[in-house]
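Two complexes follow with subunit A in common, the first pairing it with subunit B and the second with subunit C.
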Partner chain A sequence: MNFKVLRLLVLFLGTTFVSTTGFAQDDDNKAIITGNFQLDGQYYVEDTAISAVVPDQNMALSGFGNILYRKGKFTAGMRFETYLPAPVGYPAGASWSGTGIGYRFAQYSDELFDITVGNFYEQFGNGQIMRTWEDRGLGVDYMLDGIRVKARPFKWAEMTAIYGKQRYNFNNGTQFVSEDLGQGIVRGINGDFDVTSLLDSVVNIPGQLSIGGSFVSKFQDNFSSRYAFPENVGAGSARAKYNIGGFQFSGEYTWIGENPSSMNSQIVNIPDSLDPSVGLWATGEGINLNATYSVRGFGLSLTASSLANMSFQSQREAGAFDSWINYLPATSVLQTYLLSQLYPYATQPNGEVAYRADLFYNFKRNTALGGKYGMKLEVSYTHINSPEITEVNDLNTSRNGVEMSLFKPGDELYFADFNARLTRKFNKKFKGSLFYQHIVYNNDVILGAYDYQNIPTKGTVYADLFVFEGNIKFNKKNNVRFEAQALFTDQHLQDWVAGVIEYTVSPHWFFTVIDQWNYGNADGDKFHFPSASLGYIKNSSRISVTYGRQRAGVFCVGGVCRVVPASNGLTVSITSSF
Partner chain B sequence: MKPISILFALFLIATTQSFAQDPVPSVVVKDLTGKSVNTSEFSNDGKPMIINFWATWCSPCKRELNTIAEVYPDWQDETGVKLIAISIDDARSQARVLPYVNGSSWDYEVYVDTNQDLKRAMGVNNVPHTFLVDGNGKIVWQHNNYSPGDEDELYEQILSLIE
Partner chain C sequence: MKRIFGLVIIGLAVGIAGCNDPKETDCIYQDERFCDPDFNGGDIGRGIVEFSGNVSNYDSKVMLEDFTGFRCTNCLPATVTAQNLKEFYPDRLTIMGVHCTSFFAAPLTDNPDEPYYLDFRTPEGEEYVNHYQIAGLPTGVINRQGTESTSTIPFSQWEGRVESLLSTNNPEVYIDIQDVVLNEDSTEASVHLIAKPLISSTKSYLLNVAITEDGIQEAQKNSDSPGGEILDYVHNHVLRYSGYGPFGIPAFTGDVSLATNQALAFELLVEINDDWVRENCEVIVYASDEQSLNVVQVEETHLLE
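For the complex of A and B:
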């Protein structure tokens, strides 16, 4: 830690201490310090068989600590971050290294105003136009550094204005090093209005309606001597949500101005080897629609979403994980079973047409199917297609290379997922569930399935997954949970089985043993992926030690889910809140 | 290594210090109809409240809330406790929150913390994370993780609040 950082820390803690002791009179206006932290240490062992990467430094240590200071309407906070170095495959985008303060802010908020200076996270609508967010498990941090003002002049209105510079990486303890890539400036305004309460005194409309809209713009200098890249790129969005009875309808539409970037240059093969970031000079469009009907014991949700040239990053040459202004999550359901994680869908911001239906049903107690305790059914279907792309091929003058329309599907299936789960409690000691999933995974597009030499599999993978999960409660504190999983496919690495056994002693201990076995791999070695974890929890603190081979993906152990990179070796993880 | 020692110092503070009786921070979350609600308005008429962070993609969270759902009517009768479930689902899975909550026949008060503002303000690392708030609105106990049986420990904490 350098001197400047240390001085800041001392100053910060000093101020905090003085104000805590000095002015702690009124109970409601008492100064409060809270925080949380996480520390992950890894020791890598060589495992060439599965191409596990061992970094030059065979140990990795990363962590962060947040400290928040609150007093009445005032809040200040900072995050100390350390990557010495970051674990393999972390973060998701540009590198994070060194030790320093990666986040600091001061905020004043009352009923009317909320003003933040420094770093902040903000989301407009569903994020399709702008969402600056963090996921420390993934190694994602798109926060802004600048000013945010929120105003709530009426009960029915909230308005937000932001102006800031986006975090790109964390270079040797300093954030925002991006001289080569430009400023990454993001500006925006947003308004959300509760129409029902606005009109409350005038007319009484049935149901509840809210609407909103945003405008966001980014600025980056044009460094090219060859192309007149737009330095300012604007985007707008409009949204509405309506509730009536058991129904809910919501939708958001987003439009982005001409935004040539290295991301959208991949829509068509641009014949311009001199400047790969030339991109398409086309506008972007995105829409997300949802209808839900739900009553006690029954829920149904239908989602339709379509994107065309929707990548919106604060830097023209940003990589696939860097400097995202907007948030385009996958329409598919996030599955957490180990073998399901072999084929996770990734949104195609350059264009896709996606549909999803979700059904939730609770069979009542004391019925034939429900039994004594009732039974749960969950069914979900996701279908994602390519967009129809008409190539204009005017790559010299307008550079408006393609035409796409929302919800106009092309011929290529990107992804499909049908899954169903039944969960039932049989008696006081035993709960069980059955899960089935059928996956269609176009790896030529998604590029998420690799072989053991780290080469992406060609073509489409068709897989069927079966899971039986059970929970045996021996007594008040001792419990065993197990998962038996089997995945069948003729493509990629072919058939797998996996087993999980988790023994917990409430409220402090957990012990988990996992093995994933690629037994059906006819083209290569039939690898095992064994691992064991031991953990201790006390109140809001948790420490765990894991040894073994791990594949990348969402990893759930001891009751907590987070994303971990592929590795072989020893991992120690500590999290705590105070 | 200095950073490690600082983090370990924080860990020691965290594990040895008794809970600071802090009030719930004031942050705007959305109810399931999309209406903004300030968390400072959370109240239960002087009776205890449970604030539980969960997500539709988090299996242990759902196991915890479904287990508590079975005994929730008894808990309410005996202690008057109210459970507030804070979903940290983002735009990816938010459309599943309302049908899941109703489909599971939960009687909890449910809010969505779509960009994790409340999660950050309350220092939550991972879900599930449960806070117990006393009748004066002060956080008196918290627990990370869920293992079957943890709900009994939570209930004992609630009972100790109402004596």
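For the complex of A and C:
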């Protein structure tokens, strides 16, 4: 039955693809259909040495297809999703299984109003009060099902109001938070105002100033006979952004009302006799400040962020990846190098104090350092500490539990990352970069580093990574990119080397060979993690086949990380858009 | 148009801004007595005791809550139905007459010599009205089964539901009230009981104690009576008191490790009100599933033997 549905989808997509040319018109009154499609299949092979799990069903298939219909001011869309079953360790939170419609909406948009009914994603400010988002790679989807109204009554103002239930899981179709779980209703209002435009006719202010504010509230029934959980929890935020010349400043402050939850129950140790799972009746606060200055060839960015009890989920009992209303932007840099991804940082919603500085400088062409084509230096430093936590002895009465103040760091270092990259083009055919990273990674808190028995490593990892990356362009058709990486640490799995070679024959073919070798593992086997990929690209479609070993680790998007178990096998991936 | 828009936005902002529960008290518990450091009611456990023999031939029992009021003109037939059922199943059915809502149960006079003077309402009874979303009387809840909005059962269906529950004689929890001891001035009673899960599970169970009173003479509206009321009506099974909030206090779990001849001892406290006729009071002890709030066993005894 499920395969029949899949075949129908493929047939429908194929038909749509063929007929796209006929539909696509520039004229606003003509209907336009667009969409994209992705399918990932994985065949698992047993590999007990690295604790690679072979599920009962030794093949996994997940995919989705978005179809969007637009005519004039009207848009409607849907997403078909299939998980037969989902890959091991996917998604991050509540399970996704079966096939069905995961997303559907209808939207009317003109100059004054933009009205959406059905499913929608929305973000207020930088998201730390509300951002309903999805990432299919990570396996999270926080969409709302309800109504969204946006209005632009003046050229200097945009207002948004939302009201909906949140997606919880997927079981042959999207499952929203049900009445049994307390409904999970989210409602909010947001306003963004361009102050410079507003005051334009009265006074001219230098630069560009905009401000904004939001209020978001969630509702969940209290079914507990014992605890007086707040059924309505509100949150507010205020933000400002100012640009002048090469200088830009932005800041946002968010406050959340008393919000006991399974997430914030972990802030302090609550004795079992006092039922720790119900959480703390503490309020939350968060602030994010950023200042950047950039001119031609030079840029400096400074970020300061502090969070205190900032988890905001539409269900009190939600797991670490479920039902998030807000999104806490990552302060750390997400490095893409394979060995750097051994130690990615995940934002700690219960509390952190984070600082980051980024600098780049372009050495001019035809100078001693710049050479003929110039050279770019990028330096970045991130430092994230625990917040100072003062415990309050009220666990059996008001249970605020803790007192935390913004930008008051505690004694524990969570994460530090110093990295520098030099990129230089040596001649028309060769461009190379050198990269160094020093990482301090408190795995007792971040819980991202696992051994080969899938047990989190205890303590803090101190690691140094060196990477040499190069790109050789032989001619217009043939290109080779390579990476040589070496990571040194006395903790966790100790030393690694890795190599990547990617050969591209434009415009259609690419071939990649990767190996990661844990050569320095004095406490166990010195495993290799080889893989090879072959891919073909035509127009906007791409197919790739990969065979190899994948080590256990975490996969992160924007400070949200899910654990990926070790695996061995064949992966096929197809993407297409039209 | 823009003015209308502005008003709509302001209305929305005010409306949504109200969607934050203001903190009414500093207590995290529904039953605020648990936040009183001097309140030791939360400590009800009295350890493990041993039976002389194993539990055998123990029946499941049913609790019927009759939501009523002395100003309810249509409630008497429901109350009569409950009493008839009690006469038929005297040892296996417990009745609590929950007089509730100001519309149906608030006194009509301040003069104790006039009818409709007594106030049978309880704070817990009003909480049940909200919890079960009771829109009209009479209605009933049997063993508190169903969800909030589907628990109430019209009295025409009580007999069938009670018989159905009693025929499924597979008790989940064992309760035995050992004794009830009044203090010297009879202002407080200690109810000593033993209990144990009979089916192993990961469930958590609540215990609660309630007092009902029989033989209270007070008027009752009744549309079938001459004049629409019975001035010398005698009310029975009237809920007077609930010891541990509307649903009870966590007491034990279904996976507690006990030998077949062992049980858990508990002591539940009751505050005695001077207005009650002690000789006419029943002590009701019931256990319920903490998650679903379904009542899984109930026992009753006289306050004074």
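The criterion applied here is as follows: the second predicted complex is superposed on the first by the 525 of 578 C-alpha atoms of A that agree within 3 Å, B and C clash if a C-alpha of one lies under 4 Å from a C-alpha of the other, contacts with A are read in each partner's own complex, and residues count from 1 in each chain.
The rule we apply is simple: contacts are C-beta pairs under 8 Å (C-beta built on N, C-alpha and C of every residue); 3 or more make two chains touch, one makes a residue touch a chain.
Quick caveat: nothing in here was measured; it's all calculated off a predicted structure.
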item: First, second, both or neither for A:Lys473, with subunit B first and subunit C second; value: first
item: Greater subunit A contact set [subunit C / subunit B]; value: B
item: Subunit B versus subunit C as contact partner of A:Val233, first or second or both or neither; value: second
item: Subunit B versus subunit C as contact partner of A:Arg167, first or second or both or neither; value: neither
item: Subunit B versus subunit C as contact partner of A:Arg549, first or second or both or neither; value: neither
item: Subunit B versus subunit C as contact partner of A:Ile574, first or second or both or neither; value: first
item: Partner chain(s) touched by A:Arg104 [first = subunit B, second = subunit C, both, neither]; value: neither
item: Touching both subunit C and subunit B, counted on subunit A across the two superposed complexes; value: none
item: Subunit B residues within the subunit A interface of the complex; value: 1-4, 6-7, 10-11, 13-15, 17, 19-20, 22-23, 25-26, 28, 33-36, 57-60, 63, 66, 70, 90-96, 98-105, 114-117, 120-129, 141-150, 152-153
item: Subunit B-facing residues of subunit A, complex; value: 1, 28, 32-39, 61, 63, 65-66, 68, 70, 75, 80, 82, 84, 99, 109, 121-123, 126-128, 131, 133-134, 158, 192, 194, 208, 210, 241, 243, 246, 248, 250, 288, 290, 292-301, 303, 327, 329-331, 333-334, 336, 358-362, 373, 376, 378, 471, 473, 476-479, 481, 504-507, 510, 537-542, 554, 556, 558-562, 574-578
item: Complex interface listing, subunit A residues touching subunit C; value: 112, 151, 153-154, 159, 161, 179-180, 187-189, 191, 215-217, 219, 223-228, 230-234, 257-258, 260, 278, 281, 394, 396-399
item: Touching residues (chain side subunit C, partner subunit A) in the complex; value: 1-2, 5-6, 9, 12-13, 16-17, 19-21, 23, 25-31, 34-35, 37, 147-148, 206, 245-250, 290, 293
